[in-house]
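As structure tokens, here come the structures.
Both complexes below contain chain A, partnered by chain B and then by chain C.
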Partner chain A sequence: MRKIAKEKLGALLAAVGRDKPLYIPALDASGQARFTRWHEGLEMARALNTVRSAKDFFFPQTENLVDFKVKGKQIEIIDPRSEQEDFVLFGVRACDARSFEILDKVFLADPVDTYYQSRREHGTVVTLACTQPEETCFCSAFGIDAAAPEGDAQVWMDEEYLYLSARTQKGDKFLESVRALAEDGGEDAVQRQQEETRRVMAKTPLAGLNLEGFDGEHLNPLFDSEKWAELSQACLGCGTCTFVCPTCQCYDIRDFDTGDGVRRFRCWDSCMYSDFTKMAHGNPRLTQVERFRQRFMHKLVYFPANNDGQYGCVGCGRCLSKCPISMNIVKVAKELSKEVR
Partner chain B sequence: MQEVMLEKAKELLQSGAVDRVLGWKAGEFAYDITPCVFASAQELEAGFVYNDFCGNNLSKYLIKESRKGGKVLAFLKPCDTYSFNQLIKEHRIVRENVLVVGVPCQGMTDGETLKAKGVKGILGIKTEGEDFVINTLYGDRTMAKKDALPERCLSCKSKKHVVYDELLGQEGDKLDSGRFDLVNKLEAMDPEERFAFWRGELSRCIRCNACRNVCPACSCEKCVFDNDASGVAQKAAADSFEENMFHIIRAFHVAGRCTDCGECSRVCPQNIPLHLLNRKFIKDINTLYGDYQAGEDTVSRAPLTNFTEGDAEPSIVTKGGKKA
Partner chain C sequence: MTQETLIPKLGVVTDIRIDTPDIKTFRVVGLDGKKVFDHMPGQCAMLSIPGVGEAMFSITSSPTNTEYMEFSIKKCGCLTDWLHQMDVGQQITIRGPYGKHFPVEEEFRGKDLLFVAGGVGLAPVRSVINYVRAKRENYGRIMIVYGSRSKEDLLDYDEILSEWMKDEGVEVYLTIDRPQDDWDGHVGFVPNYVKELAPAKDYTVILCGPPIMIKFTLQGLKELGFAETQVYTTMELRMKCGVGKCGRCNIGNKYVCKDGPVFRFDELSQLPSEY
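So, the complex of A and B:
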């Protein structure tokens, strides 16, 4: 383990950000944190989490997939991708770091999504351990340790030092790039901080969230539950929960008419929207109850049933904070769990 | 007040005067309240709540609720009553199927607003006089209630209910709380500065449509932007100005009908002060056509849908941010 004096944080960011794009959580004009391209003088936010998750960097809200250009009787097919450059994401929390594992299972499974794959290969994820969890945090329900985040390299920060440790080859490279600033040591301080964070985490109100029974075996009783109508009653059908979610991965592919051709793009979709998965024959989920059910069944039942029991949620708490009507996966899980036990 | 409302709701359900009750339901924490339709005394007992966190405007839910058959009791705060009236005026709510019970409001806050003030790890919130005592994972904290209010409540236009069948508690007055102060500030900017301000704010939009979906003035059965066949439906912005344009167009669409309830800004996950766009239109309408408050009544004709000889001529309208 290496450590760097906290007053050298600016120098650390500069050492990394000078060579390649570096993104850190910084406050925007409204006072909320978001990943922002580092530049000299940009201050790192102390916020626990960003409003938008870190998935944006690997699975952006919109991206162009292919261009078709028509010239007479010829159609030219153009790959709009430019060479992906290496970049560093610094300050990713444990929940978001785990979300990449979930997204990988979707996009890196055969057939591999090369757009996503390229970004994953070129991105280095440097995580930052949490010290002050919020009441909306429930990453521990998914076996995530907020005090020991995953990623290519891990950072713990206290009032005096940043402590760094590499977990992958990309992490080694990151540590190498800040070698001049670092010295050895810090194990004891990190251990103390971890114990304290875990102690607070255990006291959070959602620490005991029990997901027993949310699996493929209990699919039918959950699917047919009468609770869905009640739970979705006040849902506005907006896409807030799905757009701030680090694991929501549904997308739509559409064509944009450029006048002399077509620009085929991919964009985030939301199961909350009325045209979600609409096909030539129509829409398989005609009401908000069905669309609402889809979101939670996907995360709590379908995804784990197809992925060795891994849930499609990391407990970051963004949907708990941001839903306009305060309906969320925790309320749904608690209500439905009464039916499967 | 919660106890009085609960008794009233149970009494009206029991007597058969209403079949359902539209109110607010308690959540996991002290602040995460969800709008809810209660059908029985047991359901009410189990979850009905009315406190300083019931900011959701319930009026829009009545578009559907008033068409489900039977009668629904709706608890409405003063600002919800303006939306209710406006929806009556637009023939969206079936009036005879709703029993409106007006309830007082001292301003509503929410978890996000408290967190923006630096409160972390909220475990419980108690009211002591004019203060909140907030129990957190990191110790107790006391905050004056008035310091915990969002902008829309600090500049509240009215504590008076413009419609009700029954009223609980003391009726309030219309207020002059300087709700156009921030609009004045925007107007004082030069055009480039103002353009930069709105570009900065609106460019954070993630097009989740929460503002549109919560808005009582946005009550189209199907929004043009959700209509595949409209030619403008897109889930992705064609350029960096599209989301900006969406909000400007939406503000025009609701101009003269927006009651200034502020729900758009409350629900925006990106904290875009959308209500200021609408307020600018309200101020302009007041200036050009005389004072008008949407939702104040159900019969008057709105300035933008009513031609009079004294109407403002286009030539006096300001152009490009400068006087023509």
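So, the complex of A and C:
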């Protein structure tokens, strides 16, 4: 383990950000934390969670898939991609770090999504351990240790030092790039901080969320539950939960006439929207009840059924704090668990 | 090299056949004049016109046709309207093949096969029919029950009359919903016709058509002693990617694009009935 005095944080960011794009959580003009491209003088926000998750960096909200030139009956197909450059995400929390592994299970499964893959290969994820979880946090319910985040390299920060440790080759390279600033040591301080964080984490209001029974075995009883109608009653179908969610990966593919050709792009989509499954001959999810059910069944039941028990949620709490009707996955899980226990 | 799944290939439409008032069959080859890719019966392809849209269609031609692919497409939306208006020589984009095919070389080998289709539901089934007709020695008896609203709405009518009906060991039963002057064949809905015909219960069944037809045909087959494990169908839900990632064609934890579109009814009945 290496440590760097906290007053050198600016120097650390500069050492990394000088060579390649570096993104850190920073406050925007409205005072909200979001991952922002580092520049000299940009300060790291103290907020735990950015308003939007970090998934944009690997799965952008919109991205160009393919371009076409159309001339009469003739079509030309153009791959619009240029070479992906290396970049570093610094200050990713444990929940967001886990979300990348969940997205991997979708995009890196055969057949590999090469757009995503290329960004994953070129991005270095440097995590930052949480010390003061928010009341909406429940990552521990998914076996995530906020005090030991994953990623390529891990960072812990206290009043005096940043402590750094690499987990992968990309993490080694990151540590190498800040070698001049670092000295050895810090294990004891990190261990003390971890114990304290885990103690606090265990006391958060949602820490006791029990997900027993949410597996493929109870798929049909959970799907058929009469509780969905009640739970979804106030849902506006705004899709906010899906847009702030670090693991929501559903996308749409659309064409845009550029005047000079056609650009086919993909963009985030939401299962909460009425036209998500709408076809010429009808819609299998006609009302918000079915759309609402789809979202939670996907995260809590379908995804683990297909991925060795891995849930499609990381407990980041964004949907809890952003839902305009205060409905959320925790309420759903608690209510639904009565069906299977 | 990794296969680029979202970047399509180019195809060109070399023939357009008007099948019914709202269904046309399009013949597609690559720009080199050869098939764009190989497939198995029941698999699908994403066709698109840039700027108009992209959608999944079943490949109606049999893999045993080594020269071209065919798609029978009903006019019912933005993209299909456009396809219906285009002329021969139009280039389109195509990607695939997608999905699980009918087990023609596995479970179907050596079996008696009963095909039941309604309307444009014959499109995916035709691929299987022509595949087993081409490899006749590998299969037992073949029985085809096909129905549509009217005589004019029967898909592949010429091929049915001039080829299928003339094959030895292939029984074809056609029906239309309402009587009409130039029709002396059977009149009535497909599910009832299947019950009247009462096929022996050792047939393996390939069933495709509108949901209501599937529902009542399956019910009738069960009354005749058929088990769900003998009946296969092919599903269709809205799709964007075709490879199980865009997240919209799922039935429970199965994606129609990659775990289907071909399902056996005992598999389907284990899933939530959200389709």
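Note that the second predicted complex is superposed on the first by the 331 of 341 C-alpha atoms of A that agree within 3 Å, B and C clash if a C-alpha of one lies under 4 Å from a C-alpha of the other, contacts with A are read in each partner's own complex, and residues count from 1 in each chain.
Following the convention adopted for this analysis, contacts are C-beta pairs under 8 Å (C-beta built on N, C-alpha and C of every residue); 3 or more make two chains touch, one makes a residue touch a chain.
Computed from a predicted model, the values in this text were never measured in an experiment.
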Problem - Clash-or-fit label for the pair chain B, chain C on chain A - result: fit
Exercise for the section: Quick one: classify A:86 as touching chain B (first), chain C (second), both or neither. Expected result: neither
Practice task
Considering only the touch criterion stated at the top, classify A:252 as touching first (chain B), second (chain C), both, or neither.
Solution key: both
Practice task
Identify the partner contact of A:268: answer first if only chain B is touched, second if only chain C is, both if each is, neither if none is.
Solution key: first
Practice task
Would you check which partner chain A:217 touches, where first means chain B only, second means chain C only, and both and neither mean what they say?
Solution key: neither
Handout entry: Partner chain in contact with A:236 - chain B first, chain C second, else both or neither
Key = first
Exercise for the section: In the overlay, answer first, second, both or neither for which of chain B and chain C A:176 touches. Expected result: neither
Exercise for the section: Pick one for A:278: touches chain B only (first), chain C only (second), both, or neither. Expected result: both
Exercise for the section: Please indicate which partner A:28 is in contact with in the superposed arrangement: first for chain B, second for chain C, both, or neither. Expected result: first
Fill in the blank from the handout: Min C-alpha distance chain B to chain C after superposition on A, in Å, is 8
Practice task
Identify the overlap between the chain B-contacting and the chain C-contacting residues of chain A.
Solution key: 252, 269, 278
Problem - chain A-touching residues of chain C, taken from the complex the two chains share - result: 2-10, 50-54, 76-77, 80, 86-87, 89-93, 236-238, 240-241, 243-250, 252-253, 270, 272, 274-275
Practice task
Mind listing the chain A positions that touch chain C in their complex?
Solution key: 65-66, 68, 70, 73-75, 77, 79, 106-107, 109, 111-115, 117, 216, 219-220, 223-224, 249-253, 255, 257, 261-262, 264, 266, 269, 271, 276-281, 284-285, 290, 294, 297-298, 301-303, 305-306
Handout entry: Of all residues in chain B, those that touch chain A in their complex
Key = 27-29, 31-37, 56, 61, 111-112, 115-116, 120-123, 136-138, 200-201, 204, 206-210, 212-214, 222, 226, 228, 233-238, 266-267, 269-272
Exercise for the section: Show which residues of chain A lie in contact with chain B when the two form their complex. Expected result: 28-32, 48, 51-52, 61-62, 132-136, 200, 203-206, 233-234, 236-240, 242-244, 252, 254, 256, 265, 267-270, 273-275, 278, 320-322, 324-328, 330-331, 334
